[in-house]
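Here come two complexes built around chain A, the first alongside chain B, the second alongside chain C.
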Partner chain A sequence: MPIFYHDDPEWSDIEPLPQDDGGLHPLAAIAYADEYSEAMGYLRAVMAKNEFSQRVLGLTEHIISMNPAHYTVWLYRSRTLSELKASLHDEIAWLNPTALKHLKNYQIWHHRQTIIDGINSPKGEHEFIATMLEQDSKNYHVWSYRQWLVKRFGLFDDKEEMRWTEDMIHADVRNNSAWNHRWFLVVGGRDGKTLPENVVKREMDYAKSAIRKAPQNQSPWNYLKGIVREAKLPVSTLKDFALEFADMRRPDDIYSSHALDLLADIYAEEENGKEEAKKALELLASKYDPIRAHYWNFRKGLLDQSGVAA
Partner chain B sequence: MADAEISPAQSPSNRLEEILDASDRIEELSDSENDYEDMGSVTQEEQANIDYLESVRIPIIDELKTETSEVQDDTLEVVLPFLEGNPNDYPLNIFGIPQLQREKHIAFLKQALGDYPSGFALLDASRPWLVYWSLQGLSALYYDISQYRERVIHTFSLAQHPTGGYGGGFGQLPHLAATYAAILSLAMAGEIEAYESINRKNMWHYLGQMKQPDGGFTMAAGGEEDIRGAFCALVVMSLLHIPLELPPDAPARQHGLTSFTDGLGEWISKCQSFDGGMSAAPGNEAHGAYAFCGLGCLAIIGPPKETLNKYLNIDTLIHWLAARQCSPEGGYNGRTNKLVDGCYSHWVGGCWSIVEAATTSDMWNRSALTRYILSGCQFKRGGLIDKPGKRADAYHTCYNLAGLSATQHTYTYEATMQIDLGGSALDAPYYWKLDGVHEEGKVWDETDHIAEVHPIFVVPFKAAHACRKYFEEKEGF
Partner chain C sequence: MAPDVSVAGDDVKVNYAAHIRFWRRNLKTFLPRHYTGNDANRMLLGFFILSSLDILGDLPSALSPEERQGYIDWVYHCQLPEGGFRPAPVTNFGAARNDDNKIWDPAHLPGAFFALLNLVVLGDDLTRVKRRELLLWLTKIQRPDGSFGETLGENGQVEGGNDSRFGYMATAIRWILRGNLEGTVDGIPDIDVNQLVKCIRSAETYDGALSEAPLHEGHAGFTCTAIYALSLMDRLPVSKPDGRVRGLTNLPMTLSWLVSRQTLTIDEDDSMDTLGDETDSAATCHDAHSFVKLQEYPSLQGLNSFEGEPDSHAELQWVGVNGRLNKIGDTCYAYWVLAPLFILGHEQIIDKRPVRRWLLEKTQHMVGGFGKASGDHPDIYHSFLGLLVVTMFGEAGLQDVDVVLCITNKAKRHLESLPWRRKLLGQNEEQSHETGG
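Right, the complex of A and B next:
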């Protein structure tokens, strides 16, 4: 049922501000439906007089139902809520089904963040996020929002948060968003402070066991290398592990191109390892990851340069 | 397509998907597949394509099935027939690859600049994008856009906000995404009338409101702070030659900041993630579109060789960028373990010029990307797409074409180049020059040639230079 305002007594004091397209025909013009066009006219009018009222909340809700991608309406709604000191819990209750309908919408997530910040509690948010991720387990907005929650409410060391992240990785060990979240919890909250030894070991073991499940999955390899770099350990720490998947004495039996890639780095740092490093990069370029041949050759070039420099 | 929404573009594609009938899209796909089945025996060109795909395939496949591997397998099943054969029956170029359907794409983009029925109200806040994507796409196709000049100026004079910056349209609040698209469109339209339609003094104040105490920028007042904000703001500042000094009313001044670039490089540095990529904001997952924004922003602050080395770990960055190229598809994905998508032809493909200006050239596989775009991303009825089975939109058309242009050209950054402008703040982007056509491994011929594109601004070189020059020579606001 379309909603109109022109004969609504509640709105009789407002003169709508119609969209003025001037003389020339604008580009990418939309032939708005009467309902949308009128509602926007009333919104422009209330915005022009800085009205923040209950009826503005109703109006913005109406426009959002027709166009949830309208940042102006969201921003003005957010200001209205704050001016009215409206119930933020009611707002979240209204927001939930709206968000589920529009998974990829920027505005909804930022709006939610503003509201939860005001409520000052993450209660209920984890359940809501779980529902969203069931629809799309790598939704960038949802994960970014989760990171905001962790930071805002200091959940870096929260056991539940870590357990949930592990469940997400367990459900799909290739979900890179979940790996990134784990990194955020383990390293992101430390503000550059060194990782305790036991955490370094725990994280390396965790990534290694994930790699053993599917050695060609790049996410845990990146994670593993990241931890070693973060802990300022020599990359050779990973040599035995990498050799499990790529022993260059058996170049036909390579189980992970990422292991070869890592071995190239490890050999490059060894005293007489340059030739082995080259061999690993050549295997990548010619057989195990040929689409990136240019990149592997570039890495080979770097080996020679470092030789010249030394 | 899924990722399009979080790119700097507020892409309408997902919104469009909501509008378009899903069954129609499936029909589109199965049509093509049937055509393919009917073609019978494998032609010589097809055999060559099949051999090529085999030559770039990673020969290791893990047994473990997860949601990620399942969608990847499903995608490959849809995409491969287009890379192997020619289900749309396009004429082939001399390399046996579908020719660029230039006329169809021009017609599609001209239509994208035209009127939309009421069901497209979802695009109401994205109209500046539609204009930018279409004008840039048309320019890339060597189509003269000067006929649109007056309408561009008119369209954006309506969307300019009285307090500075641009909104999606008349009466909408200013937003940095809309502002970015507006300024690029006006620069492309060109000439005094377009430049003078911009209220630069208000723009200075508006940008001052977006600058945050931590060095970054929000997209709108009360809106989200992310790397798009930093990039969009710096693009606008450089093209309009906006003073580097924060306006007196900028809230960031209360935190001791005095310049737009204060803390900016450091903030971008925090967006580099543990795997080398770049994310929307510190702590988020690395993503191709945000990587372009971050690199673009650094390449505006100063010469890429200086700024990239100063603020980023280039080794891990390159490693991550290289890993975005999907095998055997040849196109790029936006994140680790995600699907190939034509818009990353630019978001990731466009990063290479900047990275190569800081290191060395020729680190990526241009032919594989060319194949993906020409064989996989041309929509039967015009326009370009995310992947086979999807519909065309202006966003994917613009960024596939920009990516195709990146495969065809090499650009160099020459700090010593004599130019008739510069010498003042944020002039780094004007020291780029076209080196020439990239010949090695070329799989396109003259019919597929795309115009060169400015590596940072993603508009024609001439448009960017003329705009900056005009405002450098102008006295006062």
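Right, the complex of A and C next:
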């Protein structure tokens, strides 16, 4: 049922401010529904008066349901909530279904941060996030918000947080957002300090076991290489592991293009390894990853250049 | 596969007439109601429409002089008395606007960015732009950490995200209004360039991309706009260090991440690689070709799903582009991923032809425009970015573009020829005769 205000006695004191679209040639004019045009006219009128009231909360809800990306309506709503000292828990209860309706909206998450920051507790947020991720397990806004929560409430070392992340990776080993969240916890939580040896080993083992499940999944390969780099270990640390999936002596038995890519890097750093590195890149270009043939050939060219330089 | 063999689909063409009809309709008739969610972004929608028609070479005949002036006036109608632009008339209180309520009708960063671009594309000389006020405001929406916000709120609070999209738009405005000059110009202080570069570097990810904020997941949109911002400030990596703070600490890793976004997963049907089955097969791993040998099926589920499936059903004919690891191809990411390769001078490390075939055969729509993925209806956003990609690939019959500003080089030359800008940048009269016009 559309909502109108012109015959609502509660709004009889407000003269709506219609949109001034500036002449005969507006750009990107939209065929508004009457309901939307009217509500926006009332919003402009109350904003112009700086009215912060219960009915304004209702009006902003109404407009957000039609245009959740209207940036000032959110700021105005925030200010209204604070002027009215409204219940922030009620606000979250309203936000939950609203966020589910507008999965890709940006402003909702910013508003949620403000409210949860005010409530000063992450209670209930994990359940809400789970509901959101059921709709789209890689929703960027949701993961970003989760990371804000971890930071805001100091959950880097929270065992539940890590267990949940592992569950997400277990549910879909190709969910790169979940892998990145693990990185966020493990590396982000250390705030620039060196990773302890036992953590490096634990993380490498974890990524390796995921790769053994699905060797062509790039997410854990990037994670593994990232940990090795973060720990300042040489890339050759991973040689034996990469050979499990790509042994150049058996070029017909390659199980992962990412292993070949890594081996090319490892061989390139070895003395007399250049020929092997080239062989790996040629296999990628011709057979195992031909959609990126131009790139593998470019990498091969770099090997020759570095030879000239040395 | 030999690299230069012609493949079915190479002869597919841009359907010029349909694209022109699509964009003219968007320009001249009301946009459908479902654009209401973009009501506060009309400056952006208007720009995508005008710049598309310019790229298609149709803008001069699409606009009467009166219409052209009418659109210019509409953009200026969105300029605020104190300088800066609102991104649409939605918050305009008209005569009721005063010092107490103007905070709800604030200057808006994307609003100003797209307003300037619209004026340039329409051939305006920008003399009615409150340039000093806009540049000064730019320094106020930069936060101490170097990032830019979207608007100024109560008590000068910087509102909006702090990701590289806003850094890109801020540096583009700066470039449009004051070129490559660093430091105070004409009495107006500069933004803090070094701090923005540091902010961008702090959002580099472990796999070579850039993200929304430090330690968040790498994303093609943020990677692209970060590279653009660095480019507009002349802070991309150089082979010999020159003492300036520069971005992209590991260029080879960034290149690897960007090329890895090319994917053979271009339909929802074949995006099953994200649905809980850990097994590798040609059906789950379209980023690789038919190759990977299956060691064994680690689960019964995997065995049931894939036993008896052919090793290869993926074709190399079409290559899509995704925005993050293990995601489906999407027209807009062809722009966000491939455009930065052009800016980094490495466009030769991708094969443009299969991407072009994918765009023209799969996401180009018969009514004109492009959809997000195969078979999707066209929308303004995907249609503009799809068109930009085929244009930057050098498609015949389209006007060449500046990929960072998303305008034709013709429009960019118009901007560069403006007398006030030439004077500010100390470009003399003779040069103006050489390149002007």
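Definition applied: the second predicted complex is superposed on the first by the 308 of 310 C-alpha atoms of A that agree within 3 Å, B and C clash if a C-alpha of one lies under 4 Å from a C-alpha of the other, contacts with A are read in each partner's own complex, and residues count from 1 in each chain.
Everything below uses one rule, namely that a residue touches a chain if its C-beta (ideal position, glycine included) is under 8 Å from a C-beta of that chain, and two chains touch if they have at least 3 such contacts.
Predicted, not measured: the structure shown is a model, and the values here were computed from it.
In the three-chain model built by superposing on chain A, chain B clashes with chain C. With both structures placed on the common chain, the touch criterion links A:50 to chain C but leaves chain B unconnected.
Legend: residue contacts after superposition of the two complexes on their common chain; A:218 is shown touching both chain B and chain C.
Shared-chain residue A:124: touches no atom of chain B or chain C. In the superposition on chain A, A:136 contacts chain B only, with no contact to chain C. In the superposition on chain A, contact is made by A:183 with both chain B and chain C.
Using the contact criterion defined above for the overlaid structures, shared-chain residue A:253 touches chain C, although it does not reach chain B. Judged by the touch definition given at the top, the superposed model places A:301 against chain B, while chain C stays out of reach.
Overlap of the chain B and chain C contact sets on chain A: residues 17, 19-33, 36, 40, 44, 47, 66-72, 75-76, 79, 106, 110, 137-138, 140, 143-144, 147, 171-177, 180, 183-184, 187-188, 213-219, 222-223, 226, 229-230, 254-257, 287-295, 298.
Residues of chain A that touch chain C in their complex: 17, 19-33, 36, 40, 44, 47-50, 66-72, 75-76, 79, 106, 110, 137-138, 140, 143-144, 147, 171-177, 180-181, 183-184, 187-188, 213-219, 222-223, 225-226, 229-230, 253-257, 261, 287-295, 298.
If you check the complex, the residues on chain A that touch chain B are 17, 19-33, 36, 40, 43-44, 47, 66-72, 75-76, 78-79, 104-106, 110, 113-114, 136-138, 140-141, 143-144, 147, 151, 171-177, 180, 183-184, 187-188, 213-219, 222-223, 226, 229-230, 254-257, 287-295, 298, 301. Only residues 1, 3, 26, 30-33, 35-43, 45-46, 49-50, 66-67, 70-71, 73-75, 77-78, 89-94, 96-97, 100-101, 104-106, 108, 118, 150-151, 153-154, 159-161, 205-207, 212-219, 255-256, 259-260, 262-264, 273-276, 278-280, 284-285, 287-289, 291-293, 295, 298, 316, 319, 324-327, 346, 348-351, 354 of chain C touch chain A when the two sit together in their complex.
Contact residues of chain B toward chain A in the complex are 2-3, 5-6, 10, 12, 14-15, 55-64, 66-69, 112-118, 120-127, 130-131, 134, 148, 150-152, 154-155, 157-158, 167-173, 175, 220-224, 273-276, 280-287, 318-320, 322-323, 325-328, 330, 335-338, 360, 362-365, 368.
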